[in-house]
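In what follows, chain A forms one complex with chain B and a second complex with chain C.
What follows is the complex of A and B.
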């Protein structure tokens, strides 16, 4: 992907979507990496006994995918300064997570070229599952 | 448990059994700890699609339980010098693993008081699932 520069973006610029397909192995690895061993993320029987349709994705893993989408877009010279998100709904294992982002503000501060990016993940039903904001610094051509 | 001494044992001495009850959480934690992320150890659908009755326990986790049985018995002053085992059959998640051991040889070597212990794990059907040997050093009363 070519390097994106501050001059390339405007409010409303959409950043390239990232689609992830979480497997049971990825959730088990994330359980170990995060320390979140709640059984709804790997034990289908447990999840269903607790009223869920099956194994569901850790919300913070979905937020991490949103972070990956932003840093993929920022390239080598851009910087992710802040990332936050809120859990809104379920992503299920073995279903696409569609990560999206859109620039909502472009501004200079302390000599840096910054942008605020609205970010959100969707499940295949089009429901927003994690929504949040990223603050990024972009390189300038000048 | 009281400290066991070399003088306490004879060939044929049985060591106290240890019964473990592995949960899906324990298997997921063991996957992360061991790096063995094969899906038969946490993904019931995957396991059943591969001809298994359900999620099964990592063989090396069962061997680790046998090691725990031996070190519990050895106490503070005993030492586990060698542990090996072979996989013989399945332990399923949410079923007891019964760990057993029996002294098969008692001998002195290089000034140490040693014993060879035959070890084996069983499932609730009485099938041996992991069998092996431990070499231990025991303290002496003299």
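What follows is the complex of A and C.
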């Protein structure tokens, strides 16, 4: 992917979407790598006893997918300054998670070329499961 | 407020108490395992922490108390995460984490009360530079 520059973007610019398909195995790997061993993320019986439909994806893992979407877009020269997400709905395993982002503000501050990017993840039903923002610094052509 | 408060004296006593520092040595293997777990193939993450790596630097002292404290609400969900990056975290760094509970908020829900627990974390490297500031909200219901 070509490097994105500050001059390339405008309010409303969409960033390339990223689609992920987490499996139970990935959730187990994530549990091990993050140290989050809460059983709702790999033990179906435990999850259902907690009133959940089944094993659900870690909110942090979905936010990681959104982070990848943003850093893939930023390339070598862009920099992620802030990332946040609210976990509004649940992503189940063996379902697509569709990550999206759109530039909502472009501004200069302290000599840096910044952009605010609205980010969100959807499940296959089109429900937004994680919504948030990323603040990024982009290189300039000038 | 509808219903009885689930915010016990014990829980209230944790407010604004600083926990830590808890120290993590950032090994290359940790970064590689984390990048594999989040399925992000960017080779940059073999040397530098990907954006959500702070999730793996768990402030156990605070969270163990928050998650196991004796209140009537037993089920737990993650509500939100917020990270500000001041410096990259790199392989070989030694990161110290301090954490605190900053706010408690109880709201009535259809199936009973919901409790929001707001936390803040500061991640500092071996040179004393703050590398990441984090906020996380946990929900008990």
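Quick note on the criterion: the second predicted complex is superposed on the first by the 142 of 142 C-alpha atoms of A that agree within 3 Å, B and C clash if a C-alpha of one lies under 4 Å from a C-alpha of the other, contacts with A are read in each partner's own complex, and residues count from 1 in each chain.
We take it that a contact is a pair of C-beta atoms (placed from the backbone, for glycine too) under 8 Å apart; a residue touches a chain by one contact, two chains touch by 3 or more.
These figures come from a predicted structure and were not determined experimentally.
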Quick one: on chain A, after the overlay, do chain B and chain C clash, or do they fit? Just give me the call. fit
Touch test for A:80: chain B only (first), chain C only (second), both, or neither? second
Partner, of chain C and chain B, that touches more residues belonging to chain A: C
Where does A:72 make contact in the superposed view: on chain B (first), on chain C (second), on both, or on neither? second
Which superposed partner A:114 touches (first chain B, second chain C, both, neither): neither
Tell me which partner A:24 touches in the superposition: chain B (first), chain C (second), both or neither. first
Per the contact definition in the header, classify A:44: touching chain B only (first), chain C only (second), both, or neither. first
For A:59 in the superposed arrangement: first (chain B), second (chain C), both or neither? second
Determine the nearest approach in Å between the Cα atoms of chain B and those of chain C after overlaying the two structures. 9
So which bits of chain A does chain B touch that chain C touches too? 29, 32-33
Residues of chain A touching chain C in their complex? 20, 22, 26, 29-30, 32-36, 38, 50-51, 58-61, 63-65, 67-68, 70-72, 79-87, 132
Can you list the residues on chain B that touch chain A in the complex? 24-25, 28-29, 31-33, 37, 39, 42-46
For the complex, give me every residue of chain C touching chain A. 30, 33-34, 36-40, 42, 44, 50-52, 55-56, 58, 75-85, 135
